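Some structures to go through are shown next.
Shared between the two complexes below is chain A, which pairs with chain B and chain C, respectively.
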Partner chain A sequence: MQLAVLGGFVVAGMAPLLHRWFGDRTPLVLALLPASLAAWLLGQWPTVAAGEVLLLEWVWVPGLDITLSFLIDGLAWLFAMLITVIGSLVLVYTGDYLRGHRDLPRFLVVIVAFMMSMLGLVLADNLVTLFVFWELTSITSFLLIGFNHGDLSARKAAQQGLYITVGGGLALLAGFVMLAMAGDSWSLAELTTRGDALRGHELYLPLLACLLIGAFTKSAQFPFHFWLPNAMAAPTPVSAYLHSATMVKAGIYLLARLHPALGGTDAWMLSLSLVGAMTMATGAFLAIHHTNVKKLLAYSTVMALGTLTLLLGLGTPGALVAFVAFLLAHSLYKGALFLVAGILDHETGTKDVTHMGGLRHVMPCTAAVAAVAALSLAGMPPLLGFVGKELLLESALAAERYRIVIIVLTFVASFLTLAVAAIVALRPFFGPVRRTPRSPHEAPLGMLVGPALLAALSLIFGLAPGWLDGFVAVTVGGIGAVDHDVHLSLWHGINLPLVMSLASLMLGLAVWRRWDHLRAHLARLRPLMARGPEAGYEALMAGLVTVAEWQTRMLQNGHIRNYLIVTLLTLLGLVGHALFIRHAPSLEVPLDLYLHEAMVAGLMVAGAVAACVMRSRLAAVAAVGIMGFSIALVFVLFSAPDLAITQLLVETLTVILLVLVLFRLPRFATLSTPTERARDLIVAGLSGIMVTLLMLSVLAGERLPRISDYLVANSQPQGHGHNIVNVILVDFRALDTLGEMFVLALAAVGVLAMLRFHAEEEDAGRTPARERDDG
Partner chain B sequence: MVRSGTLILSVAARLLLPLQLLFSLFLLLRGHDEPGGGFIAGLVASGAFALYLFAYGGRAMHAMLKVSPRDLIGAGLTLGVLSTLPAWWQGEPFFTAQWWTIPVIDFKASTPLLFDIGVYLVVLGSVLTAITALVDTDREDDA
Partner chain C sequence: MEPLLAVAIGILFAAAIYMMLRRSIVKLVIGLMLLSNAANLLIFVSAGLTRGAPPLVPQGMVAPEGVVADPLPQALVLTAIVIAFGVLSFAVVLVRRAWEIVRADDLDRMRDTDT
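Moving on, here comes the complex of A and B:
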């Protein structure tokens, strides 16, 4: 399986090549990959159904306890099936939706890569592996939302989605690290058995908070829900696949996976059920504002994600059964509806449902598919959506705390969802025929297969929910309700949930009838809406840019003096802290100097002072030269010939460079005020004192064994060289040297760029009328 | 600013350049056992070319060098990175030094030597890039 997933990435990379061979049939060829994976998964069903956990071991970084092991239990199996089955259908659909599109190969690369990342995410047993795949889905999602990169709004939506999910990913990483510390394992299979230890651990609350932020951002929970509707800028197959069936459910998957390990506490229950209920109502309420069919569906997806979170928060066995049923039902009908929305967009050229009408005459098949899927969304019998909704209402009624709040929000969401379903299914297909930008035809076969199959499954499972019993029982076992008897059925008798369903049917239909009036009223709420969480996001990003501008102006202002002061003060602070707080500095001055040593030191001091007070540049350069050559002399005195030679050569080349530069400088002038010079003197003096103290302390107490002993002893036997300096440079510490080589090369390129561009700018400034090319 | 210098400088530069280059090669090759090495040798070679440049001007130096100094940097970096790879063939960690003796001339070839040549080229290339960039801007100013 690991090979299949890793190989899938290779296949993704080969998509452009395949496209050259197969042309527009490439998506069909690629669909074989998820289809065969789905077949393999089906073959594993007997094992999974027996309640066994399939652990496929794969060592990755043994030293860090990181494995690429996959774990297949009921939960992982459900998600993997959804990913592969819907994935193949979406690829088939793409074949017609993007037929002849210039960027089809690019699209295929990214969507197959996404598919494999998502599969890796739900199968991973190791937290680090899971995180890697998690981030990969964020990145591929970014690329897919921004697929039409010529469009500004698509780019902005892609960025927003990326910042929010990756920002949440950072929190998730912190959460994973704490989780591994608290549970003493990186393996999910082991962590789920250590629930009691984890819940009692002192890190429980912080790690839960971090994990929840990660999951909530990914699954578009309130207040992070706004990125999902904006992500509808992506091509429709992407919306159907990533932003309804799979990626946005990654957060839900994680919460479900961790439910046995972390669930059951007050903090878990309250945060999940309240955030879930809030998201549910917000999504349903915002949905009816929109006339764009994809936005309508996106907000109803937000609502569904909220529902799933709420059910996990409730956490009773009944709620978990409802969770699985609702998850499956939602993936089926929402995938189908998004694909239908793509058909509408493709055939009519508009996404606005108020501009469509009477399409059932020209596209009867699409209309039928849409009707079935919408009935499931509305929660009408005899579809799977009805089963899911009845179970949801039952669980909400059984909530232990905040029951009234949860029931009211669930009810509101349920009748608004019904209105959304009616709008999506009835508005475009019934009523008078309207003229659309393109004259519509029935969708091509490839685009109908996917939604038709998904809608059919909704119907079949709705008619015979009993077929799902075993499957739901196994999945629920993976989430934490082991050995729970599951009986799904359409008819529960006349009970409170059924009454609520009927009431929501009435209210939903009323909303649908009065929708146009309602939207006009809702439009008055716009100023209020503009202050929602999205405004907060915008403000945050704008603030980030402001801070970045400010700190760039402060730190990177182009004055070399400022750079020096900042660097030196930072150094002073850090070294000073280490020296004075962590160690006591030594003030012992060894005074056994030879006369010639003292003379060289005096020469250096004289050179330094002279360089500061000289009024001519050439004299200052000469004074700095005196210092440099005295340093070389010191190296000679302490028998370090390599350093001495290097120092002399560098001094010589410095003179050459300075001569070339000096010629270009303006006349010597005093530009700084006395205060500034006093400040510079203080900084310079402090740096000198600090370095002196540091040297004295190092000499006084040798706290660590000398590394030079090792180097002296091993230079010849291991490095085959007698010149220790050189052996260190090219062998022992060669990686450092390699880094320095790159620094040197970059510095040279920097000098070149600065001089060249500066010259060009001057050129352009001097003769603006002249074309660059003819010069 | 940099034009043909005095007669003494011209003659001296012409005579000294090959000697200095030979000396730099000598420093480079003996560096592993005696004072020397790629960095020092690179500086000596840069000094040699800088002297030639002062005597004959930038164009003459480019003609002499035949390749652009920037290409030298690239070649040096490539050599440096290449020298890290042979260890992988031996199944040893990245960058482990490898030694071979070439039989007839009894010369010890090694990845550290290769790496040192890389250092040499990067140093030479970087210094010459900076110097020629400065000289070129001067010439533009004069024009």
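Moving on, here comes the complex of A and C:
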């Protein structure tokens, strides 16, 4: 399996090549990959159904306890099946949706890479591996949202999705590290058996907070929900696949996976059920504001994700059964509806449901599929959505804490969802025929297969929910309700959930009938909406840019002296700290002095100071020369004849060079104010004092054994030279000298180039016949 | 002698830094020269000073008699002197070239890449 997933990435990379061979049939060829994986998974079902956990071990970085092991239990199997089956259908659909699109190969590369990342995410047993795949899904999602990168809003939406999910990913990483510390293992299989130790650990609350931020950002929970509707800028197959059926459920998957390890505490219950209920109601409420069919569906996805979080928060066996049933139902109907939305967009050229009408005459098959899927979304019998919704209402009624809040929010969400379902299924297909930008036809077969199959599954499982019993029991067993007796059925008798369903049907239809009216009223809420979490995100981004601008102006302002001052002050601070605080400097250096030596030193200092204060360039150069020659004298006095010779030579050359060039340069000018000069003087003075103190403490410190002893002893025997300094340069440190020669050669080439360039320009200036721009 | 030279080196550094903080480009070049000389001297002095005993092996012997000056810093400084000269000549020509194009002596007016 690991090989298949890793190989899948290779296949993804080969998509452009395949496209060259198979042309527009490439998506069909690529669909074979997830289809065969689905077949393999189906073959594993008997093992999984028996309640066994398949652990496929694969060592990756043994030193760091990182493995690429895959873990297949009921939960992972469910997700992997959704990923591979819906993945194959989406690829088939893409074949027609993006037929002949210029960037089809690029799309295929990314979507297949996403498929493999997502598969890795749900199968990984190791936290680090899971994290790597988690981030890969964020990145591939970014590339897919921004697929039409010529479109500014698509780019912005892609960025927003990336920042939010990757920002959450950072929190997740911190959470994983703490989880591994608290549970003393990186393996999910082991962590889930250490629930009590984890819940009692002192890191429990911080690690839970980090993990929840990671999961909530990925799964678009309130207040991070806004990125998901914006992500609808992606091509519709992507919306159906990533932003409805799979990727946004990664956070939910993680929460479900960790439920046995971390669930059951007050903190878990409260945060999940309240955030979930809030997200559910917000999603359903915001949905009816929109007329764009994809946005309607996106907000209803937000609602569904909230529901799943709520059910995990409730955490009772009944709620977990509802979780699995709802998850499956949602993936089937929402995938189908998104694909239908893609068909509508593709055939009519608009996404606005108020611009469509009467399409059932031209596309009866699509209309039928949409009707079935929408009935499931609405939670109508006899579809799987109904089973899921009844279980949800039952769980909400059985909530232990905040019962009223949860029940009310659930009820509101359920009738608004019903209204959304009615809008999506009835508006475009029924009523009077409207003119659309393109004249619609029935969708091509490839685009119908996917939604039709998903809708059919909704219907089949709805009619015979008993078939799912064993499967749901196994999955629920993996997330914390072991040995729970599961009986899914369509008819529960006349009970409170059914009454609530009927009430929500009435209300939902009322909302649908008065929808146009309602929208006009809701439009008045716009100013309030503008202050939502998305405004906070925008403000944060704008703030980041402002801070970056400010610090660039402050630090990267192009003034060399500011760079110098900042660097020097930092150096002063750090060295000063080390010198005075950590080692008190001892300045006891014996001062044995001869007069002539003192005079040489005085001459040197006088030269340097004169070079600073002279107003004439020639005098300044002469003063620098005096200083250089005094240094040569120091070398002579203290046993360094080679240095003295070199210094004399170089100093002479420097003075000649400066005198030659200097008169082509501007005269000295006083450019700075007295304040600036005082500031510079202080910085320079402090630096000088620091150097002196540093030097004295170096001289006073104890001497380490000298490398030079070896050099002195071996110069003649090994280097065959009597001048030790020369032997060092050409023998012991010959590579240094070679490097030095390169530096000099480069400097010479640079000087020559600049002078030659100059000469050519002058030539060009003198001969008017030559065009100036030909050089 | 070392303490006196330490003070002198400090003054050299201060002078160099002061000149490098000027806005006039020619002063910047002079600051660069002072700085390289000060740094060379710093390396030379920090190894300790020895009078009248250059690191030479007398003819016919395999090692010098008695204590000689430390040859390693001398070798390092020798390399540094030559490289400093290379860098300086490059800087001087660069400054001249910049002056010819921009005609501005003031570093503050040389901030933009295109003129």
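Keep in mind that, in the parts below, the second predicted complex is superposed on the first by the 565 of 775 C-alpha atoms of A that agree within 3 Å, B and C clash if a C-alpha of one lies under 4 Å from a C-alpha of the other, contacts with A are read in each partner's own complex, and residues count from 1 in each chain.
Simple rule for what comes next: a residue touches a chain if its C-beta (ideal position, glycine included) is under 8 Å from a C-beta of that chain, and two chains touch if they have at least 3 such contacts.
Remember, predicted model here, so these are calculated numbers, not experimental data.
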For the overlaid complexes, name the partner, chain B or chain C, with more touching residues on chain A. C
Kindly classify A:Leu528 by the partners it touches after superposition: chain B alone (first), chain C alone (second), both, or neither? neither
Looking at A:Leu64, would you say it contacts chain B, chain C, both, or neither? Reply first, second, both or neither. neither
Using the touch definition from the top, say if A:Asp642 reaches chain B (first), chain C (second), both or neither. both
Looking at the overlay, what does A:Arg756 touch: chain B (first), chain C (second), both, or neither? first
Would you check which partner chain A:Ile728 touches, where first means chain B only, second means chain C only, and both and neither mean what they say? second
Now for A:Ile404: first (chain B), second (chain C), both, or neither, which partner does it touch? neither
Once the structures are superposed on A, label A:Leu152 by its partner contacts, choosing first (chain B), second (chain C), both or neither. neither
Given the touch rule stated above, what does A:Ala747 touch, chain B (first), chain C (second), both, or neither? both
Who does A:Ile656 touch here: chain B (first), chain C (second), both, or neither? first
Pick out the shared contact residues on chain A: the ones touching chain B in one complex and chain C in the other. 641-642, 646, 650, 653, 657, 661, 664, 721-723, 725, 729, 737, 744, 747-748, 751, 755, 758
Give the list of chain A residues in touch with chain C in this complex. 558-561, 564-565, 568, 587, 589, 591-594, 597-598, 601, 604-605, 608-609, 611-612, 617, 620-621, 624, 627-628, 631, 634-635, 637-643, 646-647, 650, 653-654, 657-658, 661-662, 664-666, 668-669, 671-672, 680-681, 683-685, 687-692, 695-696, 698-699, 703, 706-708, 711-713, 715-717, 721-725, 728-729, 733, 736-737, 740, 743-744, 747-748, 750-751, 754-755, 757-758
Residues of chain B that touch chain A when the two form their complex: 1-2, 31-40, 43-44, 46-47, 50, 54, 69-70, 73, 76-77, 80-81, 84, 95, 97, 99, 108, 110, 112-113, 115-116, 118-119, 122-123, 125-127, 129-131, 133-138, 140-141
Enumerate the contact residues on chain A facing chain B in the complex. 641-642, 645-646, 649-650, 652-653, 656-657, 660-661, 663-664, 719-723, 725-727, 729-731, 734-735, 737-738, 741-742, 744-745, 747-749, 751-752, 755-756, 758-759, 763
Can you name the residues of chain C that touch chain A in the complex? 1-30, 33-34, 37-38, 40-42, 44-46, 48-59, 61-64, 68-72, 74-75, 77-79, 81-90, 92-97, 99-100, 105-108, 111
